[in-house]
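First chain A sits with chain B, and in the next complex the same chain sits with chain C.
This part shows the complex of A and B:
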């Protein structure tokens, strides 16, 4: 069964440790701006919202990509951009409704969470368990579909 | 055997043919194009002109890729006549009877009715042939007429080739359909910092020279140039079609229903030649963007092969990249609305700038500079048409997506703005 990254936003402290761990693991630098998971914070208060790629069933980023760099990998089912092909236009960043499309401003390439090939580092470092990597059962898929429908369809 | 004909091999036509094949494994699918190339990406022609990407990246599908899907790709095949009643397409050297037709003929650049615009050295940046022409040109000075996204991209590309580039715009700011004054000013300065001259509020009157371009005369000055890039707008390419065959909308594009079917039974349309509804503003018009064309193509093609899919509408998020800095826009501009019906929140942050346009306490437009991701998040809120005052009273709901969080981050400013309203 496919596993997915899920978030319990009530538990997120906004410590941003996941950003650092992600950039170290994937880019070998401690640079939150090059992380594949990013933590949004409100202006005030404790609440924070980590955002990351949802690997949508019908990804807008793949629709918008002018060079077909973003495709679903057949083996994993993940929606991942090909860095070699990406022209760095930033179209995927502006269109994603979930803020899941990251962007490497130094190399001008799209960044996307690939769940660390099934072993996500952010989950392991999350001090409160707000990020979890769980089996995606049908009820969860149905819930996500319902939420997505509310989000995007009128 | 059933024949599905697709006219036009841009992204809409190509996707239509593929989608038709996925639905109907047996039909004969014929994809006709007057272009000599299989599918290429019109969006990255500027990158190719600038030598930032090789030709292999511009070409997205080769003839063999169509062969694998058993799609008969006919290149350099100009349709000279469409007999809608007889369900027949005619070429110089033959004809093709069909059962179902998908019109995906795209768009063509607007050429003003002014002297000299037919001279050698005047190009658009619409086709791969245009890009090749710019790459082959000897360099020197270029005048780019029009500062829409393509004009800006063309100017940057030629500047990267080492040309002296001047941008001329009739209106008072660059990218006038995408950005209000504050962001347009920043983008203009960025162009100028990279050595591109930008002249605003200036009308081009003629292209001078004998057979070839030598200069451009505006109402203010004469600019010498070996090349003129003309990108003042696009119109649907419908020379094949007349209004008696299928209904057109007020925009001049083919009118289609939710299933991308035209007013004529058995004929679908998609892409730049088609009008659609903007999901954010509700405006019916021409929304000539790559992703809209792609999705329309998929739906038109599938339905032509017997499916019943619906097109939700067009999502007009436009991203421009100016010397590796991005800016994006969606929805209404403040300058499109009158002062007493709208309010504007313009925020500067370490990651860039965000400009929100509100009307009747609803979000109706967003412009972003720098990190543009928040714009995409806010689109959902715009499509839902939610009253922001009510949104801010409640705790964020899952159904708001990240938009709820972004707005609550700005709640003090938003409240102040709405209270003053």
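This part shows the complex of A and C:
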């Protein structure tokens, strides 16, 4: 069963540790601007929302990529851009409805979460458990439960 | 290198800005954050300086682990200075991401002196520092201040610390805040900041921080994240209570210097080697080899230097702020008994005046007249 990265936004503190951890793991330096996960913060409302690639069934980024650099990997089912082919136009960043497409401003290449080959570093370091790595069907059930609880239970 | 960040000295009176390296020996002995802040306060301030004058320094100091894989990204910032109210060394740790952002902007330390004629705010961006006119901020409350600065700079990710006076009398109370909810504190240092006519400091940076051993750092951070806080604290007996206060003081100085926030019960819990992992994490991130016992010693060193500072200012027979506030205000400890005060001093290695004994100072490497880092 495929596993997915899921977010419980109500648990997120907005500490941005996941950004730092991601860049250290992937780029070997602490540089949030090159992180595959980004935390959007609204300081006044004390709200934070981490965004990352959802590996959509019909990825718009693959559709708009002018050089066909973005493909679904057969083995993992993940949507990953090919760094060699990528021309750095940033089209995927603009089109992504989930704000999950990243961009390396140094080398001008697309960045995408690849779930650390099945061992996501951000999950291990999240202090509140807002990020979890679970089976995708389990995630669906959890979400439905959470939604139902809000609607029907007090 | 995580240690490559610089110190910047700003004179708000003349507008002069100097950038200096932070010497490695200073790092090894005082780590960062509150430690380096205290060390600078001790060496830069003339004894018995008038804290209302332009000579008092306001020091913003990022923790040793700021912006690296450390608990909560070690984003807290330590603010230090001589309190204009009490005349004692004062510091406060403000939560949020300011400390990390300061380091991403290329600096670990902001040392502000002098007084500005007009209200100003400071902008720090990727190695540049500007003093900007704060006229648009004069009427704004703190959160508005933050919003206006974001608008002026056109940069949503900027981190801001602002200060404002509470009430009409500008000499009584002031608050300082970062953006985060836990980053609001009423402090004498807020008065110091407003007395310099400094409305706010805004930082933003995108300079990467090198990590000595990336895999190691992530592994140790993962271990720290898994450690759960101890379920219950044991209520200590009288002797243990003072011991706990003493340990808590030293530990607080240590965690304020590393930039991580944790409760002492969690940190010292015998079940989990939190403080041992901390030492490994420091080495993986910075390359500084500091054993866990050496880290604890650094905490004691900082507490003792603060005590030396206060003694130099002419205060004797006083404990640390944690002791005066936390311990003395519990019903069972007021009034303070002579025997308790003696025990407290004994734990710290102080004489009955609260003055560190020469053995204590030698043991902590504070015995020589501390030479001045950052010579003028």
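By our rule, the second predicted complex is superposed on the first by the 137 of 154 C-alpha atoms of A that agree within 3 Å, B and C clash if a C-alpha of one lies under 4 Å from a C-alpha of the other, contacts with A are read in each partner's own complex, and residues count from 1 in each chain.
Heads up, the rule we're going with is that contacts are C-beta pairs under 8 Å (C-beta built on N, C-alpha and C of every residue); 3 or more make two chains touch, one makes a residue touch a chain.
If you're wondering where the values come from, they're calculated on a predicted model, not measured in any experiment.
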{"item": "First (chain B), second (chain C), both or neither touched by A:17", "value": "second"}
{"item": "First (chain B), second (chain C), both or neither touched by A:28", "value": "second"}
{"item": "First, second, both or neither for A:121, with chain B first and chain C second", "value": "second"}
{"item": "Contacts of A:60 with chain B and chain C, given as first, second, both or neither", "value": "first"}
{"item": "Larger contact residue set on chain A - chain B or chain C", "value": "B"}
{"item": "Chain A positions touched by chain B in one structure and by chain C in the second", "value": "41, 43"}
{"item": "Chain A residues touching chain C - in the complex, by the definition given at the top", "value": "13-17, 20-21, 23-25, 27-34, 41, 43-44, 46, 105, 121, 124-127"}
{"item": "Chain C residues within the chain A interface of the complex", "value": "2, 67-69, 71-73, 75, 97, 100, 104, 143, 146-147, 157, 179-181, 206, 208-211, 214, 217-218, 221-222, 225"}
{"item": "Touching residues (chain side chain A, partner chain B) in the complex", "value": "40-43, 47, 49, 51, 60, 63-64, 66-68, 85, 87-91, 93-99, 101, 103, 108, 147, 150-154"}
{"item": "Touch list for chain B against partner chain A, complex", "value": "41, 43-44, 47, 52-53, 57, 60, 279, 290-291, 294-295, 312, 315, 317, 319, 321, 324, 326, 328, 368, 371-377, 379-380, 383-384, 398-403, 405-406, 408-412"}
